[in-house]
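The structures considered in this document are given below.
In the two complexes that follow, chain A is the common piece, with chain B as its partner first and chain C second.
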Partner chain A sequence: MKNSKKSVNSLVSILGVFLATMLFGALIMLMIGKNPLQAYAAMFSYAVGDVSAITNLMNRSMALILAALCAAVASNAGIYNLGGKGQIELGAIAAAVVGYKLIGLPIYIHLPLCILAAIFMGIIGAAIPGYLRVKWKVDEVISTIMLNSVFFMFTSYLANYPFRDMTRWSGTTPPVEESAKLPFLIQSVELRSGIIFALVAAAIVYWIFNYTNQGYRWKMIGLNPRFAQYGGVNVGKDQMKAMILSGLLSGLAGAVLVCGSNYRYWESIAGPYGWDGVLIAMLAKNNPIAIIAVSFVFSIFKNGALGMEQVANVPSDLTGVLLAALILFITGREFVSILFRKRKHIILVDEEVKQ
Partner chain B sequence: MKTETLLRLENINKTFEGGVQANRNANLVVKKGEIHAIVGENGAGKSTLMNILYGVQQPDDGKIFLNDKEVSITSAREAKKLGIGMVHQHFMLVPSFTVLQNVILGYEPKQNLVFVDNKNAEKKVQEICEHYNLTIPLHSLTQDVSVGIQQRIEIIKAIYRGAEILILDEPTAVLTPFETEDLFKICREMVAKDKTILFISHKLKEVLALSNRITVMRKGETLVTLETKKTTEPELARLIVGRDRIWTVGKQEKSFDQKIVLQTKNLSIKRSSNSYCVKDVSFHVKAGEIVGIAGVEGNGQFELMEALAGLMPIDQGEMFFNGSSISKKTTADLRALGIRFIPEDRMITGASVKASIKENLMIDQNDCAPFISKPDVMNWKEINEHSSKLIKKFNIVAQGPDTLVGTLSGGNLQKVVVARELSGKHKCLLVLQPARGLDIGASEFIYQQLLDAREANNAIVLVSADLDELFLLSDRILVIYEGEIVADFLPDKVTSEEVGLYMTGAKRTTPNTGSKM
Partner chain C sequence: MNLDFILDVLSTGLRMATPFILVGLGGLISLSAGDLNISLEGFMLIGAFFAVLGSYLFESYVIGICFAVLAALIYGLLFGLFTIKLKADVFVVGIALNLLASEATVFFSRLFFNVRGSFSDPRIEGIPNIHMAFLDDIPVLDQLLNNHSAFVYISWIMIVIFWFLVYRTPYGFYFRAAGEHPEALETTGIRVNKIRWIANTICSVMCGLAGAHLSLGYLKMFVEDMTAGRGFIALSAVIFGGSNPVTMAITSLLFGLAEGISLRIQNMGIPSQFTLMLPYLTTILALIFRAVRKSRKTTTLLTSIALTDTETKGGKL
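What follows is the complex of A and B.
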């Protein structure tokens, strides 16, 4: 119950940050002689104005949520997975290939196979740097980033040669079978149930973090690995498990991108999601509930940018400014809360032990 | 030696957050051109006083006079300007730089205001070396030279930056005997050329061999300043240790059953490829016995305890628990056997300061009933109750199980550690400096817990530099010096001065701990 209260607090403060960002954006628009009301109206109508806008919003949010969970699960356990992009690509191409190669299967077999294939590839992509780190102390920050390029080139090769759709330009696989697509939420606007996967994944991660043994150990390792080791926790093994779950989530992100909205793999399908996910996890401080909220805010700004440009003639670059302001405000939130917090106790400095 | 006063510290007081008083009306008079040694136990306030002099820490009150002029030293940069240099125990060198680059770092002579004038730099450093008769490979990479040379780099760096007073913090701790001789030669050379040296150490032989005068510190106070010629090793040992605390706790006489619980045989741990931090250590602890290990910090006791707790691999020898080997066991295995560890470093190893009390209490039992309900699901209700009980039982002053451990005072933090280690199954306790930095009340509480554990037939190893503590609690006292057990005493058959002599390496015997069983 204490955890849920914390989550409510963080949701409220994220809403506050969202409003502050809008206000800041409005000031800038006034300065460059645009009408902020008109621009924001356009932004919202493009982002959430009708069902098809909502479809786009959901599709962006589901990928962001899963990518952010991927980063959060790892860094919560004191190991960093910055390889979300490469792992999503791996997951996506696995889902796409299984999705178009197997024909004539019923959906309840075909779709799970696609998702499992994606998850499997995602896990491989994360387990490699995880193993290198745990076994040989190879810095995972560097190895995950470098593997992004390796995995991208690998999937790009697959999409250009063995699995290429010859009717298309290049770097694209053929469309997946109907039986490999996620069920509809709203059929008329092609809104499929990927967002449900993302929300359920967030709920499960939230549960793992707060209620399980594993979540407790991850938290302890993340806060102080030396203490965890002293307490008898097998730090390497638990960090490896965190990397596996992290890879599983990015594989799942790849699967929902293919089976839930794009229906095929194309080069760089993970786009900015991998890195935006890392950013969102940091902003949400690895809290899965906050990740959902930040991801939606992020998506609204990004999807509404076109509207602002077309209707209110505000350059779409302003979205970049808004996102930067969002980051500043979220980070600033902490600073403000530190300023206003009553100091109940003196934080002990370790000078006492050192003196 | 000249007699004019160069530096005077008057009534320096320093209290750290959390209430530890590191300096208490400390006074120090340093004469120009002398080697002035400052000796005392760990935590006696030597380093704090030197850090104040070097501007790293600020005193709460008190005055510093340099050449009879009051100065306020607000930063290390300010100290350097005033001609005060310090060589820390841990060197502050860039390993990938050449020796020369390290010496001039931050104070490079400039060419055209921008570029480093290497020629000029080399000339200047060369002059210093010649003046003080120092040889040093200026163009070697710092990572390739020995520790002794690295220390020499630090000394030259300080002189290059204009130091007139040089503070050496435990300079011989890292040196071989041969390198120590060299360092002493350098020191004598420097004072002959009008530099002044403050030499911090707890090795009495060295202090007596090198210094002109000695100031003894104990519990934050500067006890006395003596002429080196007029004092002796036993006198210093007695002054350093002192015995003025009166404890209300004490151990009950009891007879032991002869069961050996913990034992090491010829245990060795390497520090580097050719030096050992623990050398051929054999000892045993019986059920219900507290074996104290006395030693000055850095003589291998830390590594020995870490190895027994499964946190550090051993290189040679073997460890036994109830007769079976535990040399290869993990920390989790050892904890399951009932071996508990109260580490010295409670801010990093013993506790997680950003986690709550209940989370800290759970670290070793997070997968045990009754703290999990279904497999792998935490039973937070049970954990809350358990934590509240321990908070009450151990008198931990905190709002509740959710209080962050980092907000607790030192004593309460240590109580959390002790509560955890004593709440699970325990048969053997490894305890390092349990009362370090704690006030009398908290210390006594912790001692009582250890004595209760002794009554409950636990085998206890107590490592400490505090002889008071060791004499109060131990059934036997071993002394560790340079990684070896050099003595084995019964506390009522020996004086603390005697133990002090063994701790500082002045005396040693070959004890027969290993063969006595």
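What follows is the complex of A and C.
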């Protein structure tokens, strides 16, 4: 009972923040002399208005969900992985190279090979900072941020020199073979099955978090590593496992980006996904089901931006501003409520002392 | 490899290092006060945009710089509000502010200038280059040190100023205390949050200056996402160089040199990715090196404790 009331409360307050963000956006639009109602209507009709819009939404959400899961798995276990961007790049180029180099394989061998290659590279990308953290206590926040750039430069080199598509201007690999493309879920609307990967991954992570010993240990480490250590948990080993799963998910995100929508690698294919993933995981409080919902909200904003621009003449970049505002509002809201709670608590304690 | 080429690369390196030094000095203060600000990139981008806006509106680079610093200060206010006042997660706020900067500058540039991508206009007045006549006759030094943009020299002066701030004024001590032992500082009657606000303000001003240098120093234009990872390189210089402004500046110079070399060899058709990787890679290696050394120290300490422990227990384990 209490639990459901709490979740209703948090849902109401999230809706409140969402509305506040929309109002903030409306205010900006009024200030620059545009019609906010028209703009929002266009945004939603472009993002969820028809079948092809929903297909686009799915295609954008799949990588976002995986990137957010990647961040969530790590931070749930008390170790930050801000390196999603670099790891997705690594996974994507691995999938792309395997996808175009191997010719004449049947799809049921070729496609898994691509995905495995991507996952392998993703795991390497995450295991390095994980190992450094566990073995020598090298701050993983800094090392993952730095490795983002290192991996990006590395994949940029690969895409510009050894694996470059000579028919294109620069920084792209040749298109992958037909046998390396994810099969269609619904052929008529060109919906690829990448979204299934994302949803299944989210379900598995949800299961691990809530129904396995491993998930329980991760949660314990995330809440209080020292307590977990005294309780007999091998913190280093478990955090390493979390980093490996995190890398696996980002590699998968890279594979889905290449095999499921772009069909080739190009420089900074991971684009905003890595950082957005961290933000989504934070907003969803590392809950895989909430991650799916928040990812769709992100995608609606991003896909609807074009509609706002074309119909209401509002610069599409406003949606990015709104997303940043949404995040700041939510972080602000949480901490404001914590402050209030603390005050109340202190007052209560004071009263107890007086009694 | 003739002398001219080497001097050219070195001089480019000096120029490239300037934004790292300016931002790094700010970031160093912020980090020593306990905030790992990963939105230095965003701060700088905001500064770069508003410098161009100010210079465009008033046809004066001084106003441009003022705009940049003011905008960065407002941004710093936002950062401080969330991290210091509301105690939100520093990384999340940092990522959000980076996102906000990159989207808001594009949004504003479409709003004010009606263009996207890049904006340049004859009305924009750049920061002048400084010509030192007495260097004209000295061959090597002239090529190396003369005719840079004003902020290159200002950044060198700043290194000295910051060295004094960190090591010769009580504030340097307060900053470090706020980062390392906030409780101890609090017991001396100094508000930790006040010190963090001061550090945050200094950091914002420096980022604003660096942004102004970036857009008005040589280019006189604003380009979408023109900071291009420089904030992160400055961050690595801060982490590599520690809290000492001089070592941080030397690191920045080396990183600037790496950029300069990449720029030149890229023109010759050699892959520049590996030289561009150097700042990040060396920082990670330095982190590992430091961490290994530290863990060795702790292990020896622990083993000695364990040994004395076993001795007192009569060697029974």
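Here is the rule we use: the second predicted complex is superposed on the first by the 290 of 355 C-alpha atoms of A that agree within 3 Å, B and C clash if a C-alpha of one lies under 4 Å from a C-alpha of the other, contacts with A are read in each partner's own complex, and residues count from 1 in each chain.
The criterion applied here is as follows: a residue touches a chain if its C-beta (ideal position, glycine included) is under 8 Å from a C-beta of that chain, and two chains touch if they have at least 3 such contacts.
From a predicted model like this one, the values you see are computed outputs, not experimental measurements.
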item: Chain B versus chain C as contact partner of A:217, first or second or both or neither; value: first
item: First, second, both or neither for A:57, with chain B first and chain C second; value: neither
item: Touching partner for A:232 - first (chain B), second (chain C), both, neither; value: first
item: Per-residue contact with chain A, leading partner among chain C and chain B; value: C
item: Common interface residues of chain A - those touching chain B in one complex and chain C in the other; value: none
item: Complex contact set, residues of chain B against chain A; value: 16-18, 20, 22, 43, 45, 47-48, 309, 311, 330-332, 334-336, 341, 343-355, 359, 362-364, 366-367, 372, 376-378, 380, 402, 406-410, 413, 436-437
item: Contacting residues of chain A [partner chain B, same complex]; value: 2, 211-217, 219-220, 223-224, 226-234, 344-353, 355
item: Residues on chain C engaged by chain A in the complex (per definition of touch); value: 36, 38, 78, 82, 86-89, 91-93, 95-100, 102-104, 106-107, 110-111, 229, 232, 235-236, 239, 271, 273-274, 276-277, 280-281, 283-284, 287-288, 291-292, 294-295
item: Residues on chain A engaged by chain C in the complex (per definition of touch); value: 32, 80, 82, 132, 136-139, 141-143, 145-147, 149-150, 153-154, 156-157, 160-161, 272, 275, 278-279, 282, 315, 317-321, 323-325, 327-328, 331-332, 334-336, 338-339
